[in-house]
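Okay, so chain A shows up in both of these, paired with chain B first and chain C after.
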Partner chain A sequence: MDEPYDLVIVGAGPAGVAAAITAARYGLTVGLIDEYPEPGGQYFRPVPAAFRQPGPHDDDPRRTVLEEIRHLDVDLRMGTAAWGLFPERRVALSDGGSLQGRAVLVATGAYERGIGFPGWTLPGVMSAGGIQLLVKSQRVLPGRRVLLSGCGPFLLPVAADLLTAGAEVVAVLEAVPWSRTLRFGVHALASADRRRQAGHYAATLLRHRVPYVHGASIVEAMGEGGVRRARWARLDALGYPQPGTEREAEVDLVGIGFGFIPAIELLDTADAELVYDADRGGWVPTLTEALETSVPGLFAAGETAGIGGVDLALVEGRIVGLGVARRLGQSVPEEEMAGLLAQRRRLLAFASALNRTFAPPPGLTSLLREDVTVCRCDESTVAEVVRVIDRGRHHIDSLKCEVRIGMGSCQGRLCAPLCADLIVRRAGLSREAAGRLHLRPPVRPVPVTALTNMP
Partner chain B sequence: MTRSSDVIILGGGIVGAACAFYLAREGIRATTLEAGLLIAGTSRACDGLLLLWDKVNDPEFELARRSVQLWRDLSGELGDASDDALEFTVSGCLALAKDAAQREAMEAIRAKMVRWGIPSEVTWLEPEEISRLEPNVARDLAGALYFPNDLMVDARRATMTLHHRAVSAGARLLDGLGDLRVIAEGDAVKGVAGPGVEYRADCVVVAAGAWTPLVLKPLGIEVGIRPRKGHILVVEKGPQLFRIPLMDTGYVATVESRAEDLQVGLILEGTMHGSILVGASREYVGYDRTINPVAIARLARNMVRFLPALAQRRIIRTYAGLRPASDDRRPFIGPHRAYRGLYVAAGHEGAGITLSLATGRMIADMIVGRETFMDPASFDPAR
Partner chain C sequence: MAYQGETVGAALAALGQRAVRLSEKYGDLRGLFCGMGVCQECRVSVDGVPNVRACMTPVSPGMRVELLGVEGPPHG
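Let's turn to the complex of A and B:
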């Protein structure tokens, strides 16, 4: 066997890159894995050079980390996916190889949270992030008339990108009411950076006369073979659509973005302890101050540790880099670590407030009408899932005994949150009690050759 | 809190479900208790083939033959609902021989089948005949035995269907109870206790699969069952590559071998939903159910050896289940003489789905005092 790396990092987004740089500066051997060809992650996703166009966040001063990492001795394993985490901290790769680390950091980011509503599986209903990726990185406009619906500030840059690219945005629907966002907004806009950004988005929406409607959500997407019309409605205080407030418009694209869910799959396969924390975006690992999980030598940082944004991800990456360096006998200045930990506490408080403010309102689960598809892979419906819940199966994993969910190619990423919502609604349990699907490798579909090529 | 029933079944896997199913039909108040969630144990981490040819000794074969008949009866009874409730199919089975040694092993199996009086439809196929039947199977094999009458169910659906039928007939079913233990007073069992709750009954059937030794140990009973881990790969759905479930003689050798280390044979089974289940491996590693990368790599290489086109597919899931391996290759079914009212129904290793119905039938017959369909002495739990 090869000599293990001091630190193997899965995910070359802000957290992973920051950890790699910090560890490499202390002389640690670092392997950095990402499925994309370049480091950067979703936040710093680079635009292919052939486009000769600026990418998202190109002018962001925090991008310098991507320059820095090229000048350090970090083994970049780009374009390969990590699909399993096996004993002795060995990370399995999609080419059949593996990297072993004295420590392993999982910084695999987050998924977008969707909701289920009639028509959500129609072609033309996409995640807001998926749209942004197409528009900014691929220069593809997936629709001309767009409705955006979700919660949280992320809808605004997506709207701005669509408008800049020449699409018409029918409306931006924010499910959370004004009263709640205003309270948070005062707090958030204390930062000059965020004020400038918010002003820029507001101006863009205004210039294009795009209505930014608070306390509203899509309730149905309609069309044969693809979305042609969308209906939305005002929501009451709990998030239930108010009858008589429906509006409809012709659209050919619907963007959905109800926040983010930490990508904890690799941690789960290693049996790291996870807890449900709505303020952190859902199921997250229990972590020590050094961001170590319950599995010795296994760390989490960035969105995987809890939804918190790019600044928190950078800080957490550095904390892990420093902590691992110190553990391997490097002398790390105490004040450097203390400073980062203080920054983390401050950013965590902000992230929690943001997540609390923009949590999807509970009444939205009423959109899961009987005939709505829950599992795209096996076409199971709400009615089928509810029947099983009513038989007393009140844990998401035991739903699998009787209805096909979590068994397809998406491995439950889409259907599991919807099923948990249904258990909460139907059985009156907490989201935590409804449980989650326990994942095993591969955490994503892998070519058979990934296994046959293993030594 | 105390609740009482006539019989308590400890374990909600397929064997426990089958016991509850037949007991409830006898009008007996049965309660099935499952420590974990339904069905988090072995009955969901397996394939669904109902086989005769792989049985390795006479009593097990006799039990299997009866069980297969009961599966056919059950499917007939469910009628059109059977498709949905059991995913029952007459799939047949093709047992492939990759070389002369495996061919020889197959011939021995065929001789055994003749001795057991298995109908003559079992045929030997030469390589070119395999290709006509299943064009995607590797061309360089030494032949195959074809069993056209073998059956298949979905293990998960079948288990739940047995539970539901039992409940409709008056049984109770409780899961997620936490660690359960048998209550004994003097030389008689009095029920089952879990955290904060007691269930009283004068008759307890321990159907805890690979966990049976842990349940019996506090009663001072040693039983020859050990957990033996088996892995399954799930291949993503795509255009159909084969119709008949495929196995090799390595599977039987794997199961028959009592070797401690990792053993791998072939089971390839297409589900009604288009995905493909790939087994089978065996290894003794205690109660560890984590995925062993070496095992899944060997399973993948083995399946590509027999069905090369699978190399172009993707693996979407893996899982591992603990097969309750019996030391002498025979399950434990019947009353245990150490305690009045104590029954055991466990130790079926990888044949639990096949053998579940005959096991449940036998336990129900014993409890109501009816003569069993075969002599149960070979399955005596105190042997």
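Let's turn to the complex of A and C:
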């Protein structure tokens, strides 16, 4: 076996890159793995060099970490998926190899929380983040007339990007009512940076006369062969659509974004302890102050540790880099670590307030009508899942025995949260009691040849 | 027609191709959904290799992309 790295990092987004830089500066040997061809993660996803065009966040000072990492001695394994985490902290790779670390950091980020509604599987209904990646990083407009619906401030940059690229945005629907967002808004806008950003989005929406409607949501997408019309409605205080308030418009693209879910799969395969914390985006690892999970030597940072945004991810990456360096005998200035921990506490408080404010209202699950597809892979409907729940299967893992949720190619990443919502609705349980799917490796799609060298 | 550095998914979107495959059980049209490699909805056949995620795959010269069971773009 090869000599293990001091630190193996899965995920080259802001948290992973910050951890790699910090550790490498202290002379640690570092391996950094990511499925994409370039470091940066979704947040810093670059425009292809051949486009010779300015990329998103080019002027963002935080982006310098991507330059820095190229000048440090870090083993970059880009275009490589990590599909399992095995004993002795060995990370299995899609190229058939593996990397072992004295410490392993899982910084695999997050993915978007969807909601199910009639028509949500039609071509032209996309996640808001997927639309943003096409528009910003690939310079492609996937539609001309767009409806955006979801929870939280992330919809605003997506709308602004679409408008700037020349699309028409029919409306931006925020499911959370003004009464809830207002207090958070006052708190959030105490920061000059955020004021500038919000001002820019507001001006862009106003200039294009785009309605920004609070307490409303898409209720149906319609069309043959792809979405052609979308219907939305006002929501009551609990998030149930109010009869008689429906509006309809012709669209060729619908973007939905109801928040983000931490990507904890690798931690789960290593049996790290996970808890349900709605303020942090769902199931998250229990962590020490040094961001170590319940499995010794296994760390989590960034969105994987709980939804918190790019600044928190950068700080957490540095904390892990410093902590691992210190553990391996490097002398780390106490004040540097203390400063980062203080920053983390402040950013965590903000992130929790944001996640709490923009939690999807419970009534939205009423859009899961009987004939709606819950599992996009295996095509189980709400009626089929509910029948099994009503027979007493009140845990996601036990639903799987009968309706195959989580056994399709997305491995339950999309349907499991919806099924948990259905269990909550039918059985009156908490989200925590409804449980989560326990994933087994491979947690990423890999060719069978990758498994033949299994560690 | 596609540009160097583009993904297959972006090239299809640029051609106005929203549907990229049929669902396995009921044969419904499906297109790009998450755009970041998670949902597996955009699987196409690339140079004869099935189940390749269009959103994660960069285009290359001479690449042959097949949308199984779906009508392709008029000038693709």
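Operating definition for what follows: the second predicted complex is superposed on the first by the 452 of 455 C-alpha atoms of A that agree within 3 Å, B and C clash if a C-alpha of one lies under 4 Å from a C-alpha of the other, contacts with A are read in each partner's own complex, and residues count from 1 in each chain.
Quick note on the criterion: contacts are C-beta pairs under 8 Å (C-beta built on N, C-alpha and C of every residue); 3 or more make two chains touch, one makes a residue touch a chain.
It should be emphasised that the depicted structure is a prediction, and the values quoted were computed from it without experimental measurement.
Touch criterion met: A:L414 reaches chain C, while chain B stays clear of it. Legend: residue contacts after superposition of the two complexes on their common chain; A:D311 is shown touching neither chain B nor chain C. By the touch criterion stated above, A:D378 is placed in contact with chain B and with chain C alike. By the touch criterion stated above, A:G84 is placed in contact with chain B alone, chain C being left untouched. Contacts of A:A450 after superposition: chain B is touched, whereas chain C is not reached.
Of the two partner chains, chain B is the only one touched by A:A92; chain C is not. Once the two complexes are laid over each other on the shared chain, residue contacts for A:S398 go to chain B alone; chain C is not touched. In the superposed pair of complexes, A:E35 makes contact with chain C only, with no contact to chain B.
In the superposition on the C-alpha atoms of chain A, the part of chain A touched by chain B in one complex and by chain C in the other spans residues 378, 408-409, 445. Within the complex formed with chain B, the residues of chain A that make contact are 84, 86-87, 90, 92, 269, 271, 378, 391-393, 395, 397-398, 400-402, 404, 407-409, 411, 440-442, 445-452, 454.
On the side of chain C, the complex with chain A involves touching residues 3-7, 9-11, 13-14, 18-20, 23-26, 28-41, 43, 51, 53, 55-56, 58.
Interface residues of chain A facing chain C in the complex, by the touch rule stated above, are 35-37, 42, 47-51, 111-112, 121-127, 129-131, 133-134, 138, 140-142, 225-226, 252, 376-379, 408-410, 413-414, 445. Of all residues in chain B, those touching chain A in their complex are 37-40, 44, 156-157, 159-160, 164, 173, 175-176, 233-236, 273, 275, 290-291, 293-294, 296-297, 299-301, 303-304, 310-320.
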